[in-house]
Amino acid sequence: MDDIVSIFVTAFSLITTGNSDVWEITSRTLQVTFSSVLISTVISLPLGTAITFRNFRGKKTLINIIQTLYALPTVIVGLVCYMLLSRTGPLGYLGFLFTPNGMIFGQTILIIPIMTGLTIAALQAIPPTITDTIRSLGATRMQFLISHIREARFTIMAAVVIGFSRAISEVGAAIMIGGNIRGHTRVLTTAISLQTSMGNFELSLALGIILLGIALVINLFLGALQQR
Amino acid sequence: MVTLLFIAALLLCSSAVSAEKVKDLTGDHSADRLLIGTTTSLDATGALDELSQKFKDENNITVEWVAVGTGQALGYGRSGDVDLVMVHDRAAEDKFIDEGYGLDRRVFASNYFMVVGPKDDPANIKGMTASEAFKAISDAAKTDNTVSFISRGDGSGTHSREKLLWKAAGLNYDSDVNTSAEPWYYSAGTGMTQVLNMANEKNAYTLADSATWNTVEEDMTELQPYVTDGTDLLNVYAVIRVNPDKFPDVGINVDAGKKWTNFMISDDTQQFFTDFTKDGKTLFIPAKGDAATLNVTEEEISAPVE
Amino acid sequence: MIRLEQVSRKFGERTILTGVSGEIRKGEIFTIIGPSGQGKTTLLRLINMLDTPTEGSIFFDGISLHGSGDQATSLRRRMGMVFQIPASFHETVFENIAIGLKYRRISKDEIKRRVLEKLKEIGLEGYENRKAGTLSGGEMQRVSLARVMVTEPDLLLLDEPTANLDPVSTARIEDLIRLYNRKSGTTVIMSSHDLFQGQRLADRIAVMMEGRFIQTGETIDVFSHPCSAKVARFIGISNILQGRVIGIEDGILSIDVSGTVIHALGTADKEMVSVAIRPEDITLYNEPDGKMSARNVLYGKITGIKPFGIICHVMTTCGEITLAVQVTWQSVKEMNLKEGQEIILSFKAPSVHVMPLDEHETCRSW
């Protein structure tokens, strides 16, 4: 194996010289991940809110199931989505297999449980006196829900960031649904996996550093928001 | 306000993806896109990168491929998820065609598998045939715990060939080799380069295809090839179209598949394989004019698909 | 304004309210006092429709508070409630106060005008852009009050608004409440476990114990004429004894309390009674004195001295009964009072308050 220092040097030069493959993969990664996070947010936020503020039979069980699915293995999501999206599968007509859309679909399914679960946790953590005050001030049902979401916004944002982290760092679903097609469905994690298997540790490491950098920027962004 | 900002940022970032999305959603990407399930060696050597570019220039069809083992590539073919497969496992290919999933098999290139092992050759396989070497490795491993073998173990074409060689060596793969009673045999379940890396680190024997070996040879400081020819090591690459009649509703790209098949056996592409080298070493031998060696009919090598 | 009809609330097996009835008049400050955990908060929550009675009804200006949906929201918007623990939203002080107005879709300019005006009233001018989380408990409770007051409710509900605050903050909050009531004429229903707060603020008081109002009335009436031993004890009368009426003559009752006869002014329709004597109504003498004109003169012994700020309670036993006597530290010094000393107690017949034993039957419920 090459000298570790030289691997790092090469990795940084790949990033700083703006290697077009590296940036193409990075921008696709961001597109896919942001899309899946956006779709998951649009689904998880109302879903989590509804579960929190509605009373129904089996609510506790449902929340337990959602929490269990935090640990949903990415390869299981990959496998199930492959079977669903396969051209001969029930959702084959979408033509999503081996496309970025398919990856967005898989990542969305992957992170909905954790984002929904954390939304529920965030809303449940609001003290009862806040809930009482909101009702007491004459909020309509809609105002009641919006005020709660607003009050829990920082925790909910943290949930979004956790969803984002899970989506951007997973490889199982991306490779099984996307197929790691160069120029089409290759993202940072699948590229790292491929380059490592081909012995290109410099490129793998460069991509890994970018991945960590993105996570860092997103977390700094959240931190800055919470400071305000 | 802050929340709105955050959502706006998300929207902004994801809007970039929407154009691509719309294109994908409209569904009719089949005409200008050919999706191939291919064996990893064609991808890892870079051959497909160059061939697909040439093909796009000539036909304006984008070629995309999912690089997996032969077993999984044929699996994609069986579920109609790819338009065409490029594989190297005769027995599995015949089964695929007999079941009606494959059409128009054409052989476009070959190379050799090779038995590689540690430089000190503890099983003394130098100069043996492949099956003799496998027998020697298995025998030596019973007494010498420095002898070990790493298998792809992933249902790839290379793995298939390895199983054939154990059989030729007079061993039952399931009871004499791939069993926990034989600790010298490691089933890695991963790709060729990874397996070579493992063999290099652990001073083990393994079976590799020559194309991958030639591509990564310089990193394999502890290994060298011992058995490099013989008909039982011949590695034949074939292209097979997925039968559209099996999948009437999914839009198998028949036209592009035929074009690609003919492209692969064309004189230009055959010449490309002759010229495609790594450090002066040939990675793939063109199939043209080699029917007898490859044990296939002349038609399978040169007859264009209609 | 608010009429309560046999309001009950049970939580599973636990009964919190058992048939509360009463009427709160427009414009008054009505204080519900009673020990903690007796249902005061529950009752306020029922009035604010945060909870529903198990039995009974509540009427707001004659409208039953049983509706739901839009009707409930519009009724609730005529009230405002401040909770014991102030709710602090993760927002600026301005947003914290404006929230109720936003629900009512008041125009931005009007919200700004009202909130800034209210900030001035509660003495937090210039705090509008501060994060609510940075305020002290007392400041936050003032913000909670302002949040409700800006919505200009017809009825203000205050649930122990000063329970967790220091005396200075408490005084500020009390001033705000009194001023607001006088200025706007808003009806105020307030709960408190602090007797003196009730005394300071209330026009009328209800004493709540064991899930019901056991005595309701003008503040001064309740304090001077507790209707039962329990109420008497709660309003701070430490000397409560039980006795038997043995005679009546010229409106003076003779009551036998564990062998000691005590004379009291009043009437009794039952033989067994409770009597209450305020510690401040008893005078101590070292030796018999011609000035002892009171009806009751008892001979006893000092068993201890308990300090209460600038005054103290001298604990005495006279025969079988124990009585606390309030004196100043000055007197303790001058009379050289100490434990074990013989002492003479004297109090007038009108100072002895006679109450029936069985409180539930005879307490005036309204």
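Per-chain residue numbering starts at 1, and chain names A, B and C are given in the order in which the chains are listed.
Operating definition for what follows: contacts are C-beta pairs under 8 Å (C-beta built on N, C-alpha and C of every residue); 3 or more make two chains touch, one makes a residue touch a chain.
The structure presented is a predicted model; accordingly, all values stated were derived computationally and were not measured.
Both subunit A and subunit C are touched by no common chain.
Farthest chain from subunit A (centres taken as the mean of C-alpha atoms): C. Among the chains present, the centre nearest to the common Cα mean is that of A.
Our note on geometry: subunit A versus subunit C, Cα centroid distance of 56 Å, whole angstroms. Between subunit A and subunit B the centroid-to-centroid distance comes to 33 Å (mean Cα coordinates, whole Å). Subunit C has its Cα centroid 87 Å from the Cα centroid of subunit B.
Annotation for subunit A: residues touching 2 or more other chains are 153. Of all the residues in subunit A, the ones that touch subunit C in their complex are 127, 129-130, 132-140, 143, 147, 151, 153-154. On the side of subunit C, the complex with subunit A involves touching residues 45, 48, 50, 70, 73-74, 76-77, 79-81, 83, 85-87, 89-90, 99-100, 102-104, 144, 147-148, 151.
Residues 27, 30-32, 34-35, 37-38, 41, 86-89, 92-93, 95-101, 104, 150, 153, 157, 160, 179-184, 194, 197-199, 221, 225, 228 of subunit A are the ones touching subunit B in the complex. By the touch criterion given at the top, residues 2-3, 5-7, 9-11, 13-14, 16-17, 20-21, 24-25, 27, 29, 35, 44, 49, 64-67, 79-81, 190-191, 193-194, 197, 216, 219, 247, 249-251 of subunit B touch subunit A in their complex.
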